[in-house]
Amino acid sequence: MRDSRVEIRIGGTGGQGLILCAKMLADALAAAGKHVAQSQTYEPTSRGGYCNSDLVISDGEVDFPLATALDWLVLLDRLAIRPSWPLLKPGALVIADTRLCPDLPEGDRRAHHLPLSRTAIELGSERVANIVALGALAALAEICERRALEQAVRADTPRSFLDLNLDALAAGYRLGEQAITAPSSTSAG
Amino acid sequence: MSAPSASRSGIDDEQLRPSATAAKAREPMNVLIVGVGGQGVIMVSKALAWLAQSKGFEVKQSEVHGMAKRGGTVFSHVRFGPQVWSPTIPKGEADILVALEWAEGLRWLPFLKPDTGIFICDTKRIVPPFACLNRRPGAPLRYSRETPAEVKAHVAEGYAIDATRMAEELGNERAANVVLIGALSTVLDFPAADWELALSAFVPKKTIAVNLDAFRLGRNWIDAARRTTTVAPEAGAPAANIPAPALVAYSVRLEITPQWCKSCDICVKLCPERCLRLNDERIVELAQPERCTGCRLCELLCPDFAIRVHLDAVANNAAAAQGATA
Amino acid sequence: MIVDSAAAFDVRDYLRQEMMPHFLCPGCGHGIALRALLWAIHEQGIDKDTLAVVSGIGCAGRLSAYIDANTFHVTHGRPLAYATGLALARPDLHVVVITGDGDCLAIGGNHLIHACRRNLKLTCLMLNNEVYGMTGGQVSPTTSESRLTSTTPHGNAEPRFDACALAAAAGASFVGREGTRHVPKLKELIRSGLVHPGFAFVEVLSDCTEIFGRKNELGSSPEMMLRQKSELRPSAYRDTVDTPFRSNDLPTGILTKTERPEYGAAYRKAAAAQRASMAKASAAKSAAAPAKGTP
Amino acid sequence: MNAVDTALAPKPAVRLISGNHACALGALAAGCRFFAGYPITPSSEIAERLSRLLPEVDGVFVQMEDEIASIAAVIGASMGGVKALTATSGPGFSLKQENIGYAAGAEIPCVIVNVMRGGPSTGMPTRPAQGDIMQARWGSHGDYPIVVLAPASVREIYDETMRAFDLAETCRTPVVLLYDQVIAQLAETVELGDTSDLARTERKWASGPRAAYQPYAADEDGIPAMSRPGAGYRVHTTGLNHAENGFPTQNPEAVARNLGRLLTKLDRHRDAIDSWQTINCDDAEVLIVAIGISARAATRALDIARARGVRAGLFRPITLWPFPETALREVAARARAVLVPEMNAGQLSLEVERILGGKRVEGMHRFNGEPITPAEIAARAESLAKAALAKETR
């Protein structure tokens, strides 16, 4: 069984920019020669409601493009816990927003509660919480080169938001790097 | 009404010719101006009314033009004198009839005083659509066939003047009515200068020059005509040279495609000359070819495209007449 | 005078003669409407090769088969939608739509109002005979009140559509109505529609004599046609004093004529501008590229 | 890979694009120059892409007033000689059916994308399903041929969209691209080559004298040459049954002749039409037949099953209709059991049962909006293999 397969989910609610940040990560990975499949689940409402975007990353062609066993889970809303929790691989890493997703269920996983949305608010807009999360994920998962990710963020950001998004990415990296040195909670957070 | 007839007692019988001066002393001078919409009838009557008023006459003018737009009958009554009661001229009471169109002139002839009335008429022909109602091959239009010479018999004094062409030659066809004003000015004794003043007030500023030329042209033409004969156009006079509207000589032939005819009867019932019928097989046929005028109504209204009307041109009118009866 | 123009026009030059006689009932006004259309096309000098006629389903829809042109007999109610695609894809063609009252106003009503709104250059000829003739005489959106049809056995209780008012309200830039009784006038109206730079809607009042006429005892074909004349008057007479004495809810002539941007031309213009700005941008990019690489 | 390498190597056009995006690009590459559509989830991205891309290549995009108008405008554009596309989802696909029948009957090339979502009726607009397999084949009334392609990946959507246009043109038929919401909105890394010099297939155009031209008289390939409006042929096109001359007829011989040709015309092009993929079929005891996202799950399931000692193989029809039945029969001959996982109540199973006659065909049906997972398929394959073995050894 060819398995360089890595699965990442960014879960939250509609309107948080989950699909966009997943796409940025996917672009960065694609630039590095990885095969990526990025899928999404959303509800018919344009805003609000459960939403996630999944990445399946592989050295070869991705056979089944949907999540089956998550290596990484980023939670930007508690709504995303229920559909995602059963998919976690044993020992998977979970990054949860301290404010929007304070409580996590029991399970065999490593969890980091990070102030993603609060950091975004401090940067000037809660709307960049997705980019902060992206930075934190990239730092913790060490899944792609930082330069490639910055390039992907640049490519997908309108000029007027570029500085904000790059700041958010850097802030996310900082949060992630701090978390590496800090112990992660291994039981219920 | 009694008032007009009472005023008759004041007639100066010696006055045979109408004149503006004479009008002061007798019953009103009656000038009837007729034509078709767009020719400028109202302008002529307004200029005359203005002039008469400026000379101290009481003036009454009435006109019908509202429905005429372009092409319909327009007439205007202008009456002036010491006192004018009625605004309209009764039949046989017009001193002067000015017509801007030939057939309109003839139509109003009964309004002219039989003994003394003066007829001034443009020979311009404007053929109205209903003059074409009879579409028989070679048939004349239902437009006046009278020649200027024949009209002479009906009027005391008559001038058939090709005013439209004269105006055209001046470069403005629309000044034809002013040519006629020029003619009119010779039978009313207002000074020519006053006429020109009146004209200048009633025509658009940039056309004053051409209109004054037209006025003088009309005046001179009458003078010249008077020197020869009272009833103007004889041989060589412009009106005599006017050809009747061209009649294309043709014969009618109906091409019927019997397989396409579905016997709906529309052509039979809607033919204005009732010359079609359905035969024993219920197929249309031309039953009375001599009555067919080639109007094409049957062709146009046949839902089945079964009829085609051919108007075969023939060499001349005689042949056309032959074709029609053949 | 009508004689001159009519003499030069032989309708058979525009018919597929192998298809004749056509399938319409005796006295059906649609044949007359077809003549008026072909006459207008002839007068306008439209080449048969670049003429495309799209028609729907029903008696009116069948007319396209008789026209010697590029003809498309499509699905019920959809000729305007097919014609929209054809005219947008092929602006070099002259596209005419023939449709009936049911085809155009009932099943195809949505396409009509949007065609009016869009203002793509198309001429839409709606033949209104107040009835679904081909299916046996059912009530249609234009059936007059109290008329008998095979689905209104006690008289039609629904109010009818005024198709021209509908088209005008939907934004059509050219709207006109005429009866088949007045062929030269109808031809003139259609011709004005053909030259109109935008969507032209022409309603033709046509007689269904065999089915609608018979059911409502409207008399023979000629009688129906004569009544059509008495019931119609030019729109110019609308405000004259005798209006109260004669009903005039179906004015004829050109009822609406406005200048609006034609959709196809507007679209092509915007597309050309988009291409030009792209070409400019890529030229600037390629000019800038070597400069970037030098240091 | 280091930074120098990426800078020097000619960059392969690897892009992360969605299935719907790939469809728009494939259409353009195939020479599509007209799109008419109506917004519907989850296919709207195709329209959105083409509204920007078509004007760039002098094409036309138009958003019509409804689904019916969209397919009508597409057929209208194609009647004008322009390659045309529309895209929709289940509810819209249902509305288009009458006119798809028209395109089939009048033999007007066109391509219809149907991104399958939950049903019936409005169903689940943002959840995947595979419930339009039968509608795609039998949705319009009467008998007619149609080609339905069922790509399973972003790359394949791109390729199959191009092939859809080629088949539509060569066979003068509507072609349906059928894929589910997952594949439509899935973004995958794909390598797209330069297609600017791609030889594009055009329909056979009428040539020769007008008098001799019969719009529905077919050559030996069963496909009549089409006339382009303006080329002087002035033909009649109708949805009524017609004779070779294009005019309506109810003459039984004429109808049987033309309709008979129509119904068999694809047979002579099966080499170009048929397309399927087999994985590990040579020694397969359990044959899985699936399309779209279910086939992607089955692909992974093969590995899981083999790891557990179950020899599973996959037969994936890429051309769904006409179904590549000969190929399926050959592959299935060696299998002990056949498993058909699909996101509906059993549509593909029905066709597989029909083709494989008495063979045991096990359906694996799900219609709740959740894709079937590789593990589920693998488990089912394993139990099927055991049952088959038990039956044989009994």
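First chain written, first letter: the chains are A, B, C and D, and each begins at residue 1.
One rule holds for everything that comes next: contacts are C-beta pairs under 8 Å (C-beta built on N, C-alpha and C of every residue); 3 or more make two chains touch, one makes a residue touch a chain.
Since the model is a prediction, treat every value here as computed from it, not as a measurement.
Asks: With chain D set aside and the rest fixed in place, how do the remaining chains group by touching?
Replies: A | B, C
Asks: Any idea which chain sits dead centre by C-alpha averages?
Replies: Located nearest the centre of all protein C-alpha atoms is chain C.
Asks: Which chain pair racks up the highest number of C-beta contacts?
Replies: Contact tally peaks for the chain pair C-D.
Asks: Can you give the whole-Å distance between the Cα centres of chain A and chain C?
Replies: Result: the chain centres lie 58 Å from each other.
Asks: Taking the mean of the CA coordinates per chain, how far is chain A from chain D in Å?
Replies: From the centre of chain A to the centre of chain D is 35 Å.
Asks: So the centre of each chain is just the mean of its C-alpha atoms; given that, what is the distance between chain B and chain C in Å?
Replies: From the centre of chain B to the centre of chain C is 43 Å.
Asks: Considering chain B alone, which of its residues make contact with at least two other chains?
Replies: none
Asks: In graph terms, with chains as vertices and touches as edges, which category applies: line, ring, star, complete, or other?
Replies: Contact pattern: an open line, chains touching in sequence.
Asks: Got a list of which chains touch which?
Replies: Final set of chain pairs in contact is A-D, B-C, C-D.
Asks: Using the touch rule from the top, collect the residues of chain C that touch chain B in their complex.
Replies: Spelled out, the residues of chain C in touch with chain B are 1-3, 6-7, 10-12, 15, 20-22, 24-32, 35, 180-181, 183-184, 209, 220-223, 225-226.
Asks: Given the complex with chain C, which residues does chain B contribute to the contact?
Replies: Touch residues, chain B against chain C: 129, 132, 135, 259-260, 262-266, 268-270, 294-296, 299-306, 308-309, 311.
Asks: Please name which positions on chain D make contact with chain A in the complex.
Replies: The touching residues are 1, 6, 14-16, 41, 125-126, 153, 182, 185-189, 293, 296-297, 299-300, 303-304, 307, 371, 373-375.
Asks: For the complex, which residues does chain C have touching chain D?
Replies: 16, 19, 48-50, 52, 54, 64-65, 68-75, 78, 81-90, 92-93, 110-111, 113-114, 267, 270-271, 274-275, 278
Asks: In their shared complex, at which residues does chain D touch chain C?
Replies: Residue list for chain D touching chain C: 33-34, 36, 54-56, 58, 60, 62, 64-66, 68-70, 72-82, 84, 98-99, 102, 227, 229-240, 247-248.
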